[in-house]
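First the structure, which I've put down as structure tokens, then a few questions once you've had a look.
Naming follows writing order (A, B, C, D, E and F), and every chain is counted from residue 1.
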């Protein structure tokens, strides 16, 4: 069960409202690198956690719950950045409406509106909504919760790595001291979250112990001659440029990397003819001459 | 530019066609853990690769191109698994149509159809399509290509970890020798792909050098007192269970993990009143008593 | 079955074409508050209407059919607003192409294009399309037709309330007399539609008779001690601010509102361990110490 | 900021796990009538609330926070219902794997798997995910937060009306005592939530005061002759069947309902010819004979 | 403006309700080959039609309006096929509820429910909804209305070709005389619609006159040496199998088909280094050795 | 299996980078008229091809493989057009950062950013991504592969017709010589692709032989009196304007076009009452007076 405190996790101040920056902040709310995603991802991983103890469920719940507060902070920041946005396209309204008289350092209202997410004006009355910076709604297919703990941790590191990259880009895009302060906090939290998910892998025994994911599959069943082979698909057979990915011991310590310019091992596939009841064209219904790919 | 060879990368054989397994294989084609996703992800990372050499672009192109062949193998497997599927719901059709007379080891056609993806019958004429195992089309928002090389590598490891988890589940779900053979190859390739993307991080200098992602942001600008703090959000302040994520040196070697039962540092946010031209209710247009969260 | 009349339901005139306003109008076509949604929503409610008479089916068909005409009016308005839009980004084209010579009161073509929905230029040849003002296609999951008549009426009131809010915002955004005239008609129709769906609830016996929705469920089966309780989730137990929602008789007249700072009644959930065939990590496969949440 | 308690808001017990019921429960998690939707909807309404006091923000936060706990309860219920699900399609596995030996009261594993959401097996390792009962991911475009308080309340009543309708259908679909107990609680909460959002409208002054939504638009600007007219679109001009929606005073008390078999007031629209630079066919580029719909 | 007649365009009868066939019919409502798509496609083409006369707008409006009636027929057919569907999963309910006592010729309710679209039970109360046969909502991005009349006609032929293919598969799937009768009508209409859109191209001057689409682009500006070349991408340079597509005069009569095993004409692309403010890894920020693909 | 060559199929040069044109190019990558769509469409048609020979599979593979190279060319063009884009909204940054000092011919950075796809800045570090020009991700439901060869060919012609229309609009929008050169090649390829898919229909026996699609359905089963009838739905019964679509022999040579002002042949549909277990309102549960549409 969950509880709220009216106060924000960290202060959110905007010195000079900027509706274009409000649009950019939306990526951190409803973008694939954003906070709704990590919030729901950690929650669904927690609620489905199976294992010998509730330890990792607990770790996940602590951070999932923190993330709600991040969506709240960013949504507050969006609303504050929209406070002086013009509601009309026409020049004259700037004169008519003293509130928007000095919009955006003298810009004409039309130019300010052009850069806005139009739904900020038309759908929310100047507030945040769960979409990305180009207006695409967040879609929960991005909630990765595979039931494999190590796999999920890599998903979480990936999410926090792209999340921190986004936060840094937002930091670089603004000169507003209030916004930079808020982002300096969110960037720090993304630093920690990258660390803590990698630390869970250590807690589980470390990289070698946990790779390949899943570590519960008997590797004698996989076609091991291909398990550490860098497959070259350059048409002329040119080897890949030398690097750690194609030489030396594998990261899991269970094999040796090698390069191979690959040639097809299978045959040309031949499917059966179209069936009379399948609404194909008549021409498709004769049998093919040879069907060698099906035993 | 790209070229094809008519032959498959690895043999695809189906001993006993099973339309329900055809449905499950769709997850490996059009699911978020599937091959269309990694194929496009590696291509877009390659095509946007910026850096001092084309080295990593080349690595990515080799594997992206390999993945097209995996979609091809799986699509072939789906079509072969659908070859004896019934096209009608009625019992009598089994007698009338000798092709489907011995469907699925004596199952009534209706039961076989019930378990199928209906679009395999109605939209494709018994072939694969780019959707997941429950019929949801693949959506390219899942192509992660952030422009940050290390971040992208973590995205790739995550994709291959969930991909191998899926392939193992498919292997466990079938008893068909042909399908198990094909999956033993794909599982091996997922092993290698997990390895090679981690090896790229080694090639770039290793984990410590590359964390936190992005490593080009000056950490003195982030609020470092929060960069290695495990934030506790349990209502009663109970600490998280002990573990590597909350004690000892951080994984990047730049800090010490610590736990803190967090208390809000911000205030209750207060937004400005609704504007007369914003189509709010009249009651929302008076000013709030205090507006302390905006400087 | 359906018929058309070539004439519009109400005149559509544009005095000064504005491609940015064309973009904003798209929200009223393909937005979640728009006309495609209500049109299809009323049709699907009508086509699935079950009940003692065809009375409400008839009410719904009248209005659903009217709404097609509204999409038509708005699509016409979009096309007229796009008539003078520049097709090229370059300054020089304004000189070269007399048609776009005096674009938008002297704006440079590039600035006009910046504010446009790009697909108006690239995908439609300067006409409307079924997307919202930020380019997101309408998605029919927004067609609410629950099979419960009262529930559907509330969905319809909600749709018309957000629809009229949108129409008012569009009215406020433009100074074009033709567009304001068209919107004054659409706003009036949204007024009526809010009224008529509420009137259907009256026709069904009124609010008290129809609440809670569905009214066909035997309330003795619900956990009635929670049916009129305002559940407080403020961490410190602070009561919600006094208001009608937490005191006095309930709106359906069947209970008394009360506030309660809620404490969890359930236990910590404990799921079974991961199964050997489920591709989890090995560590997840041991049994948890206690499994108290499953009888 | 937010906090969690490890315990569930209300007990969740499953007597006889049923993977098909697990699938149906998904509608209450990730369906448009489900809990993720109301949770995010109330949060975004709260975070964007503008008005003279924080009163309604507070009301919304209490309930939004409660809803997280409902998603948690349902996700737990899904995982418990999946505990004995078969992971393989083959008959023999039932013998081989004692865990699934007595699956579903003697059903063959294949039949049990046929009814399942395939992603429960393949993507989650037997746990919930944020999709609906047919596997479609939740999409945040369903988060209605219009910035108009009364409009939002109608959206909330609509959400809770369809939500309770769904919960009743789930209650009717199962005979499991544990699941019925959990649903009796959720149904009760949906009762209250319908009540409390209607009570907020009372708190704002009641229906008449707040209609039409938005009440801040000067109705003298709308085309009032159409504001209370039931528009008939039956081809033969037959009036709608008599009812409250077409006779008597309007619900807002500001007009009288009347029926009118409507005739078009506009003209046939005529757009300008296609422009030479618009990639139309040549035939489309001549001017139309008359252009009477554009002033 | 639009009008309705209460009667269906063609009779809809169901002899033996079948909820699995109801699910399959959904593809013809909300599938990409379905009726919502063509209805909206023809409407948006009509509403955006630009040209010397309103002739083609009129053709499109006639058929768009007809298609509403097809969605209505199919939605009625879905509701009738759902009339005896079980609402519960348990065996005993069949005994308890006489309405569903003889469900589906003696099938156990559970098996009938397994094959259903779950939302037919949970979201609609046994009626149609605008989704496809696997539950995916229709998405208006499939409304093709390009502003090019000939291009649109090909889109329409394509839609009717896949539409008739679907209708034939539905006809083959059922033995219900009523459903076959309805489908025999819809199949006939799809025949006509294929014909009439091809006839519009004839009306515009025929294939040669209208190809390539758009015919308003000056072909001297295109790289004509590639305009009739069949590009071979087989790795070994093997020519495509002989056929009309690689030999003889082109279909538009403006060139001669020829085959060419293609070799790359461009160079390896080299992008600039990552910028310091772009949140890349440090390693990406050095300049590449050569940048030859940018002038 | 597939192979790559590092070189591009055709040179890609950008003379004057323009981030707004980068946005427009996205439509040719991830738009419904774009290259990802045709690439995947041809691949899935090839991989599912059933018929007497592998001839058409081979044709499709050649072109599908070519299309990968087109996505690559366009992605390269996007990245090159973004090279000088500003990363910040503020005026001062133009002075501070010499790289962006002369952005866009003197435009202020803010204006340049306003016209950009925000995700080009925030999600990719100045590179392409698989979305359209308004930021909507490509969705694989647009991959049409019906299993009917002639139907698929019409889908392919439609895709190339809208694709060439888009390419021409992009050509018209830019004055950059490099971009025009690249587009002149892509336009030529779209010319050929329109030709070759029509040539496949010729190869199959021509239009008359293949119409109506599918040609394997026995037309005696369709309601042939409606197979060549232009159905008029104009309310007053006014005939459609004369044209090839309503007079003369049908295109398939199997009938004569005729016009008919259509009157409904069916009755008003009447569904059964709502069931007690379906969570409808009580009022919906009485039986309707007459049920004449169900035999």
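Worth a mention:
By definition in this document, a residue touches a chain if its C-beta (ideal position, glycine included) is under 8 Å from a C-beta of that chain, and two chains touch if they have at least 3 such contacts.
Protein names from UniProt, one per chain: A, B, C, D, E, F = Catalase.
Owing to the predicted nature of the structure, the values given are computational and were not obtained by experimental measurement.
Any chain that touches subunit A and also touches subunit E is listed here: B, C, D, F. Interface residue usage between subunit A and subunit D, two copies of one sequence, is largely shared: over half of the residue numbers at the contact are used by both copies.
At the far end from subunit E, in terms of centres built from Cα atoms, lies A. Chain centres here are C-alpha means, and the one lying farthest from subunit B is C.
Centroids built from CA atoms put subunit E at 27 Å from subunit D.
Work out the mean CA point of subunit A and of subunit B, and you get 10 Å between them. With centres defined as mean CA coordinates, subunit F is found 30 Å away from subunit D.
Shared interface positions of subunit A, defined as residues touching 2 or more other chains, are 1-9, 32-33, 47-48, 50, 53-54, 58, 61-62, 65-66, 76, 79, 87-88, 111, 114-115, 123, 125-127, 131, 134-137, 139, 141, 146-148, 150, 165-166, 168-169, 172, 213-214, 217, 233-235, 262, 264, 266, 268-269, 271-272, 274, 277-280. Residues of subunit D that touch subunit C in their complex: 3, 5-15, 32-33, 53-55, 58-59, 61-63, 65-66, 73, 76, 79-80, 83, 87-88, 97, 99, 125-127, 136, 139, 141-142, 144, 146-148, 150-151, 154-155, 157-158, 161-162, 164-165, 168, 171, 178, 180-181, 184-185, 187-192, 194-200, 202-203, 207, 211-214, 217, 219, 221-235, 240-241, 243-246, 250-252, 255, 257, 262, 264-269, 271-272, 274-275, 277-280, 293-295. Taken in their complex, subunit C has these residues touching subunit E: 1-9, 30, 36, 40, 43-44, 47-48, 50, 54, 58, 61-62, 65-66, 68-69, 71-72, 75-76, 79, 123-131, 137-141, 143, 145-148.
On the subunit E side of its complex with subunit B, the touching residues are 18, 20-21, 23-24, 27, 31-33, 111, 114-115, 132-136, 165-166, 169-170, 172-175, 233-236, 262, 264, 266, 268-274, 276, 278-289.
Residues of subunit F touching subunit D in their complex: 165-166, 168-169, 172, 235, 277-279.
Residues 1-6, 47-54, 87-90, 92-93, 110-111, 113-115, 117-119, 121-123, 125, 131, 134-137, 147-150, 204-205, 210, 213-217 of subunit F are the ones touching subunit A in the complex.
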